[in-house]
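Across the two complexes that follow, subunit A remains constant while its partner is subunit B and subsequently subunit C.
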Partner chain A sequence: MKDIVRTALGGLLLACAATTVSADDRPSELRIGVFTFLSGPAAAYGMPGRNAAELLIEQINEAGGIDGVPIVPTYVDEAQGTDGVITEFRRLASDRDVMIAALSSANCLALAPVADQLRVPTLMWNCDTHQMFLEDEYEYVYRTNSSTIPEFVSYALYLLETKPDLERVAIINPDYAFGHDAAEIFKETLQTFRPEVEIVAELYPRLGASSYHTEISRLVSARPDVVFSNLWGADLENFVRQAQPRGLFQRSTVVLALGETILQRLGEDLPEGTVVGVLGDGWWQSPTARENPDTQAFVEAYHERYDEYPVFPSFKMANSIMAMKESFERALENSGGTWPSREEFVEAVAGLEMENFTGTLRIREDNDGLVDQIVGVATPADDRPYPVIGEMVRYPADLVTPPVDEDPIAWIRSLDQDFLDQLPKPGSYQ
Partner chain B sequence: MLDLLALLIVDGLADAALIFFVAVGLTLVFSVLRILNVAHGSFYSIGAYVAVSIGMWVVSAGWHPYLTFPALFLSAALVAVALGPFIERYFLRWTYGKSEALQILVTFALFLVFEDLQKLVFGVQAHYEDTPLQLLGVSDIGGIFYLNYQFLLIAMAAVTVILLRLLIRRTMIGKFIVAVVADREIAQTMGINTTRVFVIAFTVGVFLAALGGALASPTSGVAPGLGAEALVLAFAVAAIGGLGQIEGAALAAVIVGLSRAAAIHFAPDFEAVVPYLVMLVVLLIRPYGLFGTVQARRI
Partner chain C sequence: MMRITLIAVGLLLAVLLPLAIPWLNFVFIMAVAQGFAALGVVLLLRAGMISIGHAVFLASGAYVTAFLLRQTGITDLGLILLVATLGSGLFGFLIGMFMVRYRAIFFAMLNMAVSMVVFALLAKLYHLTGGTDGVRVATPTVLGAVLDRTVFDSLLLYISLALLVAVGWLVHRYLSSPLGKALEAVHTNEVRLEYLGVSAWGVLLYAYTISAALAGLGGALAAIAVGHVVPELAYWTHSGQLVLIAVLGGIGGVVGPFIGALFFEIVRVVAAGYAAYTWNMIVGLALLGVIFFLPNGLYGLVQRLLKRGGGS
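Coming up: the complex of A and B.
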């Protein structure tokens, strides 16, 4: 009888030991949630992100995954609204190792506390709002992207250099936090250096509006030197298609902060000289991107599969997935090869500094990402039926991002001529 | 000042024309079938999708670009003929006389199905075909360029009001519709085939919605969500004009269009709420809308 008990206990111990060994082993797959807009007008921005995720994850898996573990994504449509997005996040949280979430700033602000509560590492791939880490601290939430402050300060800085005599400015932005925040940042930056700048029209059409004709009449009749807009997705394309034949682009310099996303779709319908950029550094034909063979291989693979070249939301997503991979590899190195826990993973994200497809990403101590900003103007291309970005400048992230714990608007108001003198000039990024 | 007034009128009427097409179909269907058709917005967006598809086909086939104009009407007719009788026969007919909540749920379900079907067939990206707009060029009014296509829309809306009025007042089917609207049971007793009247009225309603979407597509393109946007505004306009009132829908569309234009020019913060403020004020003063009449409840 004693032998039987001894044998049984021995077997049990062996089984426990085997389980322990198995826990140290790689999981069979790394399951992640990817949140973006897959439908509705915002899909024009969200789908390129999804496509980039799909392609890059396939490429990583073909190359052996992350230390032998393949990535298995689940895509969640943000068009269902914030409540639905939170529900999906909670549902997936139990068995997803990392979330790449989200596109909409409103969704990000709602998801961040949930991510911390559920202890799910979350890399915010788009989420531009500068409110994200302004007052709240998170343990599991990081932004692998820049915020609205560097993104829209950069457009004002570009105009101060290229149109030093501008006096009348009109704004047409979408009617939610992204549009209102951008307008405030843009106005504050311009008026810090040129207090005489007058805002002659400020319009906030509803997100998803299909007709902008009355707004266009208002903008033209206000006779602005510059029209600034951070409309995006189908809204942006609609606005340009309606405004271009009505002469808005001929009478004013138009700044389209998300203009790169429509270069290929609009072709020659986007007038030469329109100020456009990429909210970050994700321009597939930037000098940095052109010099990187990995980037060009990704670009060609993307073009082959989706019959268009990747736009900057594609690179925000791809760079975020690269950041996830890099963080896992760092965590594996730190743990001596043991598959990292969620806590070990987020430790590896903190302070991350890496090269990616389009430049560099640094995660600073408030969990925010530091990314350079590229701005330029739509310029005809000899070898393509659509404009490219010319007269480019690449503003270094450190220069155009407010320091940690400093109020961003107060920081903008503190900028002076010395700050301007440090900046690279339009056309210098070639 | 005169320049500004001209801007307001042109902007307001151009906006009103687009709103009118979708609102008048909604109100026509309500007046005859007594159904508040939530799926109406889907017919608007399907009309736009079909118009863009046919327009692109006409252009890519190398046909004369002016054929894109009749293509807009052809698209609306195709949508109406394909969907109108089918939806009325298989989804709406059995709900007649049943509770309004049931009717709204059925049409809402149709709306959701159509939204997903559109994504399945046309994808989630926006589509554009603006040949009609480019062919007509622009006009300078008060120093501001307007698309001549916008004036065409205003003219089309005016012609539609007249044609609908002639249809109702001068044709036999119009008289049947009036009889059915006045009293469905007595009309049936007098030998009017009410089933046929319902099918025709519903199909005309679908045609008007699809025509609205088709005519809007050269300027605004089409993307998922277009139907919902059109429907919400159409409800407001139909309520302001008085549900079931064609002339009411026309006048309400003009009021809403002009109010939105005035808001964008003078108080942009109120642009989104203006249609609903107008609706609130009108319904407070006239609960049945501008052209609506109090009806005795039959027991």
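Coming up: the complex of A and C.
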């Protein structure tokens, strides 16, 4: 017991040593916690986020930090499970000013009430779930990116334009809330406009499955016009490599909602004409991103350091860091230069409207982020050994996001032809 | 006497330290919660039976808590803990009726099978359980009073510690009773036990039910402390973690699993906090170290120190 106590005390002393009381004047540094997956299969999505945070924070600090205050990040691995994540959040909350958390929707749902309880400003950098702000209101929790609703409604809208006569649809999504949510949103949107659409197969392989041969057999024999999938990471790569030789891509139009993340990895193995896009607008080669010299500088620095170009999770992370910086600057402006309190900071986050690397971000009154959605098809590139996204459309966030306090599925069912007519057409974004 | 003093000092530290370092409050509650579940595993280990599926009862306690708060009007903390414990006990009784017919690897694997079925159900019955996103657990009321969350958290720690003492004492009594002693007899010579006129099936079912109820109590505490329940609670790696905590702490007494749980939580917090990229390895090495050098677990170390202290 003595030893245990000693070990515990040792740990505590370490923790105390790291804690310094911040004076009411400007702090010497801005300490933030960044929660993402650093290990396990979800690191395929989590590491590009971490890398973007690391690089962007360095760039901000080199340029003088936030009004002279450098940002010091602490990265936390979400792979330790929800209770571990909560422990870390509570531990860091004592001396961190802002949290950028988290990737997993389950973790975000668990963290949000804790953030409000501890009064820690928290910017959610991923957590797509549309349940996030549906039932609960938060004072300190904001999402700087879009939710599953605009993200997956957009793919259905794109198909309604490009394949107006589609009838048979198959779905293969990972077997957890993200996969089931996406399937429901996609189906509801298609069937609202085309009630005759038939779901000929709905498959949910488990997350991290390495073989998809059974599923591919089912998909091929179901003869779908369209195969929709929001598989991601290594799962998506495996699925494409196994499905491609069996002709799935020749028989059906395949929609890979998170396809942008594997463009660079698969190269020419990803068949031309596959519908791909990003969740949000975070594509490093979009016309908006190309026009922005800051974005290009960031992209090149990222490529130089990590030997690949940033994928959309990187931009989701970047959105959060930039939103944090912008909010601090606004809060400083409001207060006339004195360092903002946590309350003054979250006041500045609420109602934020800003330009970021790939477009604009607006935080609306329910604390959710409004971000445009980019969808297109994989097209061979002249200057690169892997496909790019062509025939792009950029759906404005205001149009494809349900209004505040409206049930998202009911909103989807209420959409009509007038709504479709307002939308930009595929290929219009160039 | 020495032992009681040590326990008292430990409890006092558990109350005082969080006053200085607030986040420890949560760590200690989680350690007690995991400790209860690990204590359940220890009961079965005493009979020489390893359950690699005991997290299912922790999960049942947690989900019962979540559903009571969400679907029914029951919000009282005491009532919730009671219902969750009894509910898990009942669940354990039903599962146990056929489970305790098996021994050794069959027992271990069947437990794991049941837990994985429950895990799959929790993840798949999306509209009922929220799928992998889990269910929110609201803050319960205490004797009709709605407390501020920070006050509630402190109170929850004190209640957990009080439960630790009360339930720990009960389990201690149980282990010293003939029924408890019979558990060891199942391990050493089951045939002889039957010849003595004692039903091994009955002895084990009794223990299985108690161990499930303990895990359920731990699950309810964890669910309330975290404020969210997810299907991973029932996943087999979580069961493995409970066995690990039991072995770490030592299966000699009631205190062992709680020491094990506290050690595990603290190693994990320190490792994850100071080595975000290698924390898995550090936790693994720490566990290996304990198992190699302290075959009787951390509680064995305490006992050895006590003996030495008592002798001098």
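The working rule: the second predicted complex is superposed on the first by the 406 of 430 C-alpha atoms of A that agree within 3 Å, B and C clash if a C-alpha of one lies under 4 Å from a C-alpha of the other, contacts with A are read in each partner's own complex, and residues count from 1 in each chain.
Here, a contact is a pair of C-beta atoms (placed from the backbone, for glycine too) under 8 Å apart; a residue touches a chain by one contact, two chains touch by 3 or more.
Computed from a prediction, not measured in an experiment: that's the story for all the values here.
Enquirer: If you stack the two complexes on chain A, which partner ends up touching A:Y176: first (subunit B), second (subunit C), both, or neither?
Expert: second
Enquirer: Figure out whether A:V220 sits in contact with subunit B (first) or subunit C (second), or with both, or with neither.
Expert: In the superposed model, A:V220 contacts subunit B only, not subunit C.
Enquirer: For A:Q191 in the superposed arrangement: first (subunit B), second (subunit C), both or neither?
Expert: neither
Enquirer: Which partner chains sit in contact with A:G208 here, subunit B, subunit C, both or neither? Use first/second/both/neither.
Expert: Only subunit B is touched by A:G208; subunit C is not.
Enquirer: Between subunit B (first) and subunit C (second), which does A:Q264 come into contact with in this model arrangement: first, second, both, or neither?
Expert: Touch status of A:Q264: no partner.
Enquirer: In the superposed arrangement, does A:A43 touch subunit B (first), subunit C (second), both or neither?
Expert: In the superposition, A:A43 contacts subunit B only.
Enquirer: Touch check for A:N61: first (subunit B), second (subunit C), both, or neither?
Expert: neither
Enquirer: Let me test your reading of the model: by the given contact rule, A:S341 touches which partner, first (subunit B), second (subunit C), both or neither?
Expert: In the superposition, A:S341 contacts neither subunit B nor subunit C.
Enquirer: Look at the residues of subunit A and decide whether subunit B or subunit C touches more of them.
Expert: Here the partner covering more residues of subunit A is C.
Enquirer: Kindly list the residues of subunit A that each of subunit B and subunit C touches, one partner per complex.
Expert: Touching subunit B and subunit C on subunit A: residues 38-39, 175.
Enquirer: Which bits of subunit C are touching subunit A when the two form their complex?
Expert: It comes out as residues 6, 9-10, 13, 17, 21-24, 26-27, 30, 123-124, 126, 130-134, 136, 149-150, 222, 226-228, 230, 232, 259, 262-263, 265-266, 268-270, 272-274, 276-277, 279-280, 298, 301-302, 305.
Enquirer: Where on subunit A does subunit B make contact in their complex?
Expert: Listed in rising order, the residues of subunit A that touch subunit B are 38-41, 43-44, 47, 175, 201-206, 208-211, 213-215, 217-218, 220-221, 233-234, 237-238, 241-242, 245-247.
Enquirer: Under the stated contact criterion, what part of subunit B meets subunit A in this complex?
Expert: 3-4, 7, 10-12, 14-15, 18, 119, 124-126, 128, 130, 133-134, 138, 142-147, 150, 216, 219-221, 223-226, 229, 260-261, 264-265, 268-269, 271-272
Enquirer: List the residues on subunit A that touch subunit C in their complex, please.
Expert: My answer: residues 1-5, 7-8, 11-12, 14-16, 38-39, 74-77, 79-84, 86-88, 90-94, 105-106, 109-110, 113-114, 117, 129, 131, 136, 175-178, 180.
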